[in-house]
Each structure stands twice: as C-alpha cells, then as structure tokens.
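Listed next: structures, encoded as structure tokens.
Note that chain A is present in both complexes that follow, paired respectively with chain B and with chain C.
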Partner chain A sequence: MSLLHIENLSVEFPTHKGYVRVLDKVSLRMKEAEVLGVVGESGSGKSMMALAVMGLLSPNARLTADYMSLNNQDLMKLSGEARRQFVAQNASIIFQEPQSSLNPCFTIGAQIRETLKLHGVRQRRKQQEQAIELLNAVGINEPETRLRQYPHQLSGGMNQRVMIAMAVAARPKLLIADEPTTALDVTIQAQIIELLLDLNRQHGMGLMLITHDFALLSESTQRVCVMYSGQIMENASTRNILESPRHPYSRALLESIPHIGERHHKGQRLYSLKGIIPAIDHLPVGCRLGPRCPRASKECVKTPRLETIENHGLVRCHFPLAKDSLAKGSEL
Partner chain B sequence: MILIIVRQLIILLLSFLGITSVFFILTQFLPGDPVAVNFGNIAKGSAEYQQAYLALGLDQSLLQQYFIYLSRIFSGDFGYSVVTSRPVIDEFMTFFPATFELALFASIIAIVFGVALGVLAAIKRNTWIDNLVMSASLVGYSMPIFWWGMLLIIFFSLDLNWTPVAGRISYVFDIEPRTGLMLVDTLLAYSKYEFIAFFDALKHLILPSIVLATVPLAAIARMTRSSMIEVLSADYILTARAKGVSDWKIIWVHGLRNAMISLVTIIGLQSSVLLTGAILTETIFAWPGVGKWMVEAIYRRDFPTIQGGVILIAFFVVLINAAVDVTYNIINPRLRRRK
Partner chain C sequence: MRAPVLAVEELTKIYRLTDWRAAKKEIRATDGITFQLYRGQTLSIVGESGSGKSSLAKQLVGIEPPTSGRILINNQDLAKVARKERRKAFQKIRMVFQNPHSSLNPHARIGATLEEPLKINSKLDSKQRRELVAEVLKKVGLRAEHTQRFPHMFSGGQQQRIAIARALILDPEVIVADEPLSALDVSVQAQILNLLMRLQEELELSYVFISHDLGVVEHISDQVLVMYRGQMMEYGEVDQIFDAPKHPYTRKLLSSTPSYRNTVKILKKTHTREFKDKAAVSSGCPFAARCPYAKQQCIESRPEVHNIDGQLVSCHWPLESNAEG
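Here is the complex of A and B:
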C-alpha cells in the first residue's frame, strides 16, 4: 500500500530537434503520511515530476510511465478529465511564487470558496464558515477581513498560507510543495515549513517537499530523493544521506551549504561543482554528472544504473563514495 | 471609486480645454475672412457683417477672442451651418444617433467575435485554427474598408439580394424619430407593423456594422490571443487546474477576466478607429450619420459645420476614453485603493 507509486516516469517535450526527454525514468514510492524531500538544482526536473504527477503538464508534453498510482488508483488507466478530477480530490500542489499562484482578479474568499465548491460544499454560508476555519488553521489573523482582500493586498508569506489553506481544503492525501519557501523571507520560511509539517502530523497528509535547499530538508523529511538533470541520483533515508552521502552529487550539494561557525573558516570559499547543469537537449554521454564530477573516470561514459547499496538506499554511480566519507572529510 | 471618477472628470475637463485651444489656434491659420468662415458670405460693410464681426470679438485681442470662443463652445453654441442655417449642435444631434447606433452595433460585433476568435486562437495556438484566425485577422486589419464594403454589397445585396444596398430603413416606413435610434424608434412607432419595420431596420444595419466592425474586430482578436496566451501560462491557471476547475471555467473566468484588463485599453482605443471608419462606412452605405454629414459639409465648404462637427466628435472620443479608464480601474483590483 503506497500513497504514491511511480515506475519509470518519463516526460518529453517537442523541440525543433525532436522530442527532448526532461524527466528520465523516474521511479519512487511514498508511504502514507510520509514526508519525502526532493532536492536538486534548477533544471533537474523536480518541478516537472510534480507537474507530471498532478497532470498539469502542458498538452504538448509526452508522458510515459510503466506504472503510476496515487492512493492506490492507477492513474495511467484514467482518461484525461477523470484523472484530473481524481487527482484534484486526492492531491494538492503549492508553488514557489505565492503572489502569482493566486488569481489577482479575485478575492481570497472567492478563490477559497471556489475550491470548497469543487469539493462539494454547496451552501454559501457553509463555504464562508469553512473558509474562515481554514484560514484560522493556517495561522492567518482576521480571516473575515482577509477573505475580502485581493492577493496583492497580502504579503508573500500570507499568500502562501492562503495557498496552503486552499490546498488542504479538500483534505488531500498528498500535498506537493514545489519550493514553497524560495520566494519568502528566511524567518517566514521556517514558519511555512512548520505549518506544512503540522498538517502532515495532524491529518496524516503525505508531503512531498521539493527544494534546492538541503538545509530545509534535514529536520523535516524522512527520506530524500536527489535529482540531477532529469534523473534520480540517490534515494535514501534523510539520515543516511546527511551523514554519509554516497553519490558525489549529493555530497556536493551538502558541501555547498554554508555553516555558521563550524568547518568553514573566514575567507574560505563555499564548495561548488565546476560548470553548470547541462542543457537538457545536449546531455553528456553516459553519466549526466560526468563532466562536472570530481570522481569521474573512463568508466563514466557508460550510463550508470540506479543500484541498491546495502544499508543505505539507491545510488546511480559507478564509483559511489565510501560510507562516512563526509565525516572523515576525505577529498571528493 | 469616487476619487477615480473625480480624477477622470478633471482630466476630461483638461482634455476639452486642450482640444478647443488647438482648434482655436488652427482656425487662426484658416485663410480668408474669419467672418466669412464663420457666418458664410455676408456683404462687407453691411450692418449684419458688423454684428458678426463684433460677435466674434474680432475687434479685441486674440486672448479675449479665445475666451469669447470658449464661452460660446461651453454654452453649446457651435455656430450655424452656412448651408441650412440651422445651429450646428442641432444638426449634430439629428445625425449623431444614427452613427451611435451603427457604432454600437459594430462594437458589439467586434468585441463578441474578436474576443471569441482571439480566445479560440489562443487555446488552439500553433494549429491550423490559430493560423487561419491570425491570417484572416491580418487581412481584415489591412483591408481598405471602402473596398470591403463594396465587395459585401455586390455579394450580399446584389447577387444574393439578402440585404438592402443603402440607408437605414425602406422608404415605405415613415418612422418618427423619437430617440434617433432606428431599432428603438421602429418599435415605438408602429402598433401593427413594428416588427416588420424593426427587421427592415435591422437588415439595413447588418452590412454597415460588419464593414465598420472589421478593423476593430481584427485588432481585438489579435490582442485577445496574445493576452490570453500570456495569462494562460500564469501560475494561477496551474493552481486552478490543480484544484479541478473545469477547462471551460479556466478559460472564460480565470483566464479572460485577467486578459480583459489589457483588452479594455485596446477596445477603448478602437473607439476612435470606429468613428473615423464611420465616415467611410456611412458614405458607402448612404447612412445618414455624423460621418456622412461631415463629408457633405466638406464638399459644401460649410466651415462652421466642419469646425463644430470635428470638435463634437473629438469630445465624444475623449468621453469614451474617460469611460474606458474608469472601467479599467474597476476591473483591475490592483488599482483599487487599499481598504
């Protein structure tokens, strides 16, 4: 029994050079009420995966998967409209920019009431009551006033709370948060993550937390999926990855987190991989990290497979790092 | 809200002052005797001439002449037609409803079909439907409307005999002008045949409206398309889709509501296109409106009529644009003040 089960999900987009694969055979599973972190830099395909699960890809995208189920319902067997309705009832998504995720022409109230109406709350009075309840639940003060206001009259953090309120209105089994705090102030970030985790604990709502910030995941997730260039590079428990990342890319991401006081001393540069993420229509042969990887060797022109490492998880690398390499401070 | 209207009224007043000033300056450059220009040919030296001379303030300074001119305009005195001897404002009021009816009908056609086609093209973008709509609108936008009007007359009126060639209503009907709007007047005038007269008037209205609507329709369709494409790629559309809102509602409520904000401006700008287009359309279809009236005044060298008419048309365009500005403020919540 799993909340979300994806086997070999690929997404392709047409370009003038033919179809380009932006998501390459991604497989993952989420248990009910699990908190899964998905991490990777911009362009790694993490948002694309979220959109593919939600069925929000643009119509010209080509989606293929061996199996994809949400709440034990095989999504690949549902037709367009039925799939969308099913997903809307069972999963919600919030985006990076709360200000642009809410329709600027309608009041907060109108947008929450619309959501409630879609989930079967017909009476206007009940909609209003529930909307106020929802806003209270996500920690918005003066909910009656807020309901009459437009998104531009609220702060970014407040709008993200409204987005969360709308997302949980249907009591979804899964909430996908696609970089929910990237556009917010640091102090607000922690509050929003805390709110999401609260909802996870209170309602047993599965949470997929997509981010490029490892630091955000350390305290909140049980498992982490590291993505790079449309592929999953490492998939293991949060503790395993944080304590001893096995993929050079995971380690590079961890190394790039600035720490106050420890390890880094004044004047020392933050760690970064050389180069940039390759253009998706111009991928390197073999391992996609190859040209940027400090451990790359001849072998890496052959495409590595995602393989199980005992007592750790899944890693896609010919030369995985040794256990505890991070703690020993050995060179990459 | 009140603040917006007050602000618009002030802008309106300033625009009127601007128009009249420009006009006053222009009339200074008109060749010939100002008395003749304003009152037609009056024998020089006659008592009448002297009276007209004084009425225009020609014995006083230019500044004083300007104020005399302003006070005349703002009290509704636009002079007298040298051809019919009737006050220009009265003539304008007789011809204006016909133009208003035509322009209103044309705007409805342009907005309804323009928006619908634009939305269709945006949804089906980069398909043959989109290409067809966009090429057709480009042709429509660049078509000389006098030629287009004649083509339609040849086809629909002469070949198919579906619509009349010209005029507002057949001569068999004697309609008393009450509102000046033929569709309303026909319904008011007859007790028994009002619907026959009404449909006759409607038939007369169709072709000129289509001709007049063509250019604005094309412009609106193109603008709707680009503005819808932009709006439909916004995050809040994804949010709505994730919520399970139906495609229909996403396009026509969530999408169009936002696209309308930029569209209203374009639609407002089309109002002046509509009035200039009316001059050509009315001439082709012998439509007794302001456009035809102006063209005839030009042929007859009826300067008071031309001057008065142009100012009144300019006033009207300014008025529409003020109304558009107010609408723009109403439909864009971001421009409303915080409560």
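Here is the complex of A and C:
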C-alpha cells in the first residue's frame, strides 16, 4: 500500500519548436507517513513534479503517465472534477514565498475560513473555532488577534505557519512542501521544519520536502530523490546518499556546498561541476549530465536507465561511483 | 601588526521615519559598528534579514552617508576627503551586489558597462579602455569577445562574473560583496566562490563578505562579525566564532543551520516560540527578547563589549566555550 505511486510521469509544454519535455518519466513511491526529500537545482523539474501531482499544471501542459495513484486511488481513472476534489481532500501543497501565496487584500481569518468552507465547514462560528484551533496547532500565539490581521502585518515565518495551517485544515494524507524555508531566515527555517515534522509524527501525514539544500534533508527525511534536468538521477535512503552517493551528480551537489563543522584550510577550493544546467529545449544526447560529468566517456551518449544497485537504491548512471568513494575522498 | 586596509569606527546610521500619526520613529540600521580589515583577508558579516548587513555595505561604498562614525581606507577618512578627491578615494572600495540580473543594465552591452567606470574615473583613451576590459574579463573567466553581448545572453553565474569584473576594473583594494551567491544555483555558487578565492590570492584583495549562509562563511572567512538589529553581537576569528561562540545569538544561529556532517545536533527544540520582536528593547540588549538566558539586567542596560582572547562579545553573560546550549 502506498500513499503516492507514480509510474513514468512526463510533462510537456508547447513551444514554438514543438513540445518540450520538462519532466521525463519520473517514477516514485511514497509509503504512508513517509518523509521524502526531493533535491535538485532550479530547472531540475522538482516543482513541476509537485504541481503535476497536485493537478496544478497550467492547462497547456501535456501530462502523461502509466500510472498515478494517491492514497490508493487511481487518479487516471477519475474525471477532472472528481480528481480535483479527491486531490484537494488528500493532499496539499505549500510554496516558497508565503507572502505571495497569501492574498494581501484579505485578513488571515478570511482566508482560513474560505479554506474551511471548501472543506465543508458551513457555520461561521465553527469556522472561527477551527481557525483558532489550527493557528494554535501551528504555534501562533494570540490567534484571535492574528485572524483579524493582514498578511503584511505578520512576519515571513508567521505567514508560512498560516500557509501550513491552511494546508493541513483538511487533514491531508500528503503535504508537499516546495522550498518552504528558502525565503526565511535560518533561525525561522529550523522552526518551520520542526513544525512540519511534528505534523508528520502526530497525524501520520506524509511529507514531500522539496529543496536544493542537502543539509536540510539530512535531519528530517528517510529517503531522498535527486533530480537533474527533469529526470531522477538517484533515489535511495537519506543515509546511503549522504554517506556514499553513487551518482556523480549527487556527489557533486554534496561536495560543492561548504557545510559548517567542516574544517578548511585557507583558500581550499570547492568542488564544482563545470558549466551550467542545460536548457530544457537543448538537452545533450544521452546522459543529461554528460557534458558536465568528470566521469563521462563514449558510452554516455547512450541514455542511462534508472537501475537498482544492491543495498543502495536506484541510480541512473553507466558508471556509478564505488561504495564509500566519498568517505575515501577518491577522485570523481 | 600592519595597518588595516579598511577600518570602521563606531559606524551608526539612523533612519528617521515620519509616521502620519505624527509619532517620529528612529531606526538604527547600524549602531556603533567597529571593525578592521587587513590586506588579503576576508571579513564576513552575518545576521538575519533586517540586521543591518546591507545598510552597512551601502555605507562602506558611499551609497548612503553614515549618520556618525568613521570609515578609513588606508588611514584616510572617507568623510573628510575633499570633494575632488572623493571619486579617487572610493576607487579603492567597490561593491558586488546580490542579484546580477538586476544590477547590470539590460540595455548596455557588457563592454559599455565595464568601460563606464573607466570613463568616469580615468583618463584612458578608448583603446586602452578596451584592452583593460578584455584583461579583466579574462581574469574572471570570460572572453574578450563577450563585450559585444547583452546581459540577458549570459547565465546567472556568468552575469555575476561580469559584476565582479566591474568591481575589479578600477583595481580596488577592498570588495564589498553583498550576498553574491544567493541568487545563483547551487552548483554555480561553488564556481563563483572559487573565483573569489582565486582573485583574492592573485590580487591580494580584501573582502567584506555579507552572507547568511554560515557554511560558506566558515569556508571563506578570516574574521566574522555577527550582527543583530544593527548592533555587533560578536566579532572574532573564524575559528573562535565557529568553535566557541560566546554570544547566545551566535550559538542560536549556528544551531539552527542544518549541516549533514555536523557534530552539533540541530533542530533541537530549544526555543521554538516566536517572540514579539517588536517589543521595544531600546535601553537593553537587542537580543534580550529572544535570548534563553536573558535576565532582568539584559532588559535594563545595554551590555558592554567584553574582550575574551581577542574575541569581542557584546553580552552581560558571555557563554563558556563548552557550555551546553
């Protein structure tokens, strides 16, 4: 039984050169109450995947999948309206910038009440009670006052808490958090992640944490999915990926970010991949990392498949790294 | 020790807001900041948003005049420089902004953007200017033929290289970089950071590096200055700050930063309540409202700066090096 099950999900957008595939055959499974991390740079398709699951893609997008289910309900078999309602009840999403997700013209209270109304709470008094309850649950003090305030009167961290309150109003089975802390200060970031994990533990709510920050995932997730250019490059347990990444891209991501607690001698260079992430309408032949990969060889013009590596997970590479290559510090 | 390239003394900037309800408000964006930066070294300024980091940067490069305090470059007070000499003095300190996309003129070719400081500040003829532009482009890893292109034809990382080239072209001694990496992709950040370090070695540059990313700060800095609400909380060598933070705020910052190979266990529930930050703490320690160790004295009087082995801490009760957070 799985909470989320996707097989070969692709998303394409029309351009003047024809359809461009921004998400290429992504397959993914989440167990109930699992915390899954999705990492990748901008343009890697991680947000596209989230939007596709939520059914929030723009109408001109073309979505194809072999199978897609949420909470054991096959989404492909539902009609548009039924699908929308089902997803609304079972999954929610929060975005990067709470300030731009909330409507500046309405009070916090009005916006929470609207959500509750959509989920079938009709009486105004009940709505108010539940709104206060929700704000309490996400750790906002003086909820009665806050309900009368507008988004600009609250801090970024508070607004993100309000977003979370609205997202969990219907007790969803799955919460997708798309870079929930990127716009926030570090001290606030820790609080928000802690809140999300609390909700996960208390209500058994599955959590998909989308980010570009590996460090953030290390403490909170069980499994990590590394994406690049619209494909999944590596999918394995958090421990395995952090201790011994097998895909060159995962390792490059890990090594290119300096982390606190690591000692450096002055002037030590960071590892960096050469070049930049390719434009999605101008992908290299074969492996999409190919031109940037230090391990690339002739074989890499053939597209690698996502294959299982024993005792590790799934890796899309012709020449995966050896186990513990990171710990040994061997050359990429 | 040698004289510092850049010395800042008691730098204070007060913005006066006139509220329509007639109440006049003062905001102290920077409040008595003092530091020294030596040749070839990097000083990082860290703090949350609103702590006055960017305001400090603007004062350093002369975009905003400070309300009081002094900025000295090679012992020359920037405020006292005669008007005619002003341009010359500010050639020594240049800035790289956060977002290259908005700090480069979209209508101007790269060549024109890079030549402009030379037109204003030097007497070079156009051929010499072009040569210098080509040279500086090479230094930052671009090619001379790029001068004919417009900013939108470059990626974010390349744009940031151009912004760095623009800062370098007048041969400065100090570069003020205000969050130069935060608009870039992760894998490109490392490239720019490596470039900054290489340039520092080649040209003996000094950096004032403003960032909220403590991992990067630890990697690149010699000294670190921690700010909170315009005031200096702690200032010391990078090892002192990261190994033995003495100020509760520094410790809070460090413990909230996730790191996957960190020895400090993060995301501990120490202080998850958000305090009413706006509770006016005018007389006492600015951090008192959020500090887990705050006592009555912290609210009443502003702490003095303690000097502990060269590490400056502005706290009534600086933490012991091995005290448990």
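Here is the rule we go by: the second predicted complex is superposed on the first by the 330 of 332 C-alpha atoms of A that agree within 3 Å, B and C clash if a C-alpha of one lies under 4 Å from a C-alpha of the other, contacts with A are read in each partner's own complex, and residues count from 1 in each chain.
The definition used in the following text is that a residue touches a chain if its C-beta (ideal position, glycine included) is under 8 Å from a C-beta of that chain, and two chains touch if they have at least 3 such contacts.
Because the structure is a prediction, the values reported are computed rather than measured.
Visitor: Sharing chain A, do chain B and chain C clash or fit in the superposition?
Guide: fit
Visitor: Who contacts more of chain A, chain B or chain C?
Guide: In the superposed model, C touches more residues of chain A.
Visitor: Applying the document's definition of touch, where does A:S256 land relative to chain B and chain C: first, second, both, or neither?
Guide: The answer is second: A:S256 touches chain C but not chain B.
Visitor: With both complexes overlaid on chain A, does A:I276 touch chain B (first), chain C (second), both or neither?
Guide: second
Visitor: For A:A190 in the superposed arrangement: first (chain B), second (chain C), both or neither?
Guide: A:A190 contacts chain C only, not chain B.
Visitor: In the overlaid three-chain picture, which partner chain does A:H152 touch, first (chain B) or second (chain C), both, or neither?
Guide: The answer is first: A:H152 touches chain B but not chain C.
Visitor: Go through the superposed model and pick first if A:L118 touches only chain B, second if only chain C, both, or neither.
Guide: first
Visitor: Between chain B and chain C, whom does A:H212 touch in the aligned arrangement: first, second, both, or neither?
Guide: In the superposed model, A:H212 contacts chain C only, not chain B.
Visitor: Name the contact category of A:S101: first (chain B only), second (chain C only), both, or neither.
Guide: first
Visitor: Just the number, please: smallest Cα separation between chain B and chain C in the overlaid arrangement, in Å.
Guide: Closest C-alpha pair between chain B and chain C: 8 Å.
Visitor: Can you pull the chain A residues that chain B and chain C both touch?
Guide: Shared contact residues on chain A: none.
Visitor: Could you pull out which chain C residues touch chain A in their complex?
Guide: That would be residues 48-49, 155, 157, 185-191, 193-194, 197-198, 200-201, 212, 214-216, 218-220, 222, 242, 252-264, 266-267, 269, 272-274, 277 of chain C.
Visitor: Going by the contact rule set out above, which residues of chain A touch chain B in the complex?
Guide: Interface residues on chain A, with respect to chain B: 51, 54, 56, 84-85, 87-89, 92-93, 95, 97, 100-107, 114-115, 118, 148-150, 152-153, 163, 166.
Visitor: Can you name the residues of chain B that touch chain A in the complex?
Guide: Its residues touching chain A are 234-236, 238-245, 254, 257-258, 261, 331-334, 336, 338-339.
Visitor: How about chain A: which of its residues touch chain C in the complex?
Guide: 41-43, 139, 141, 155, 157-158, 185-191, 193-195, 197, 212-220, 242, 252-254, 256-262, 264, 266-274, 276-277
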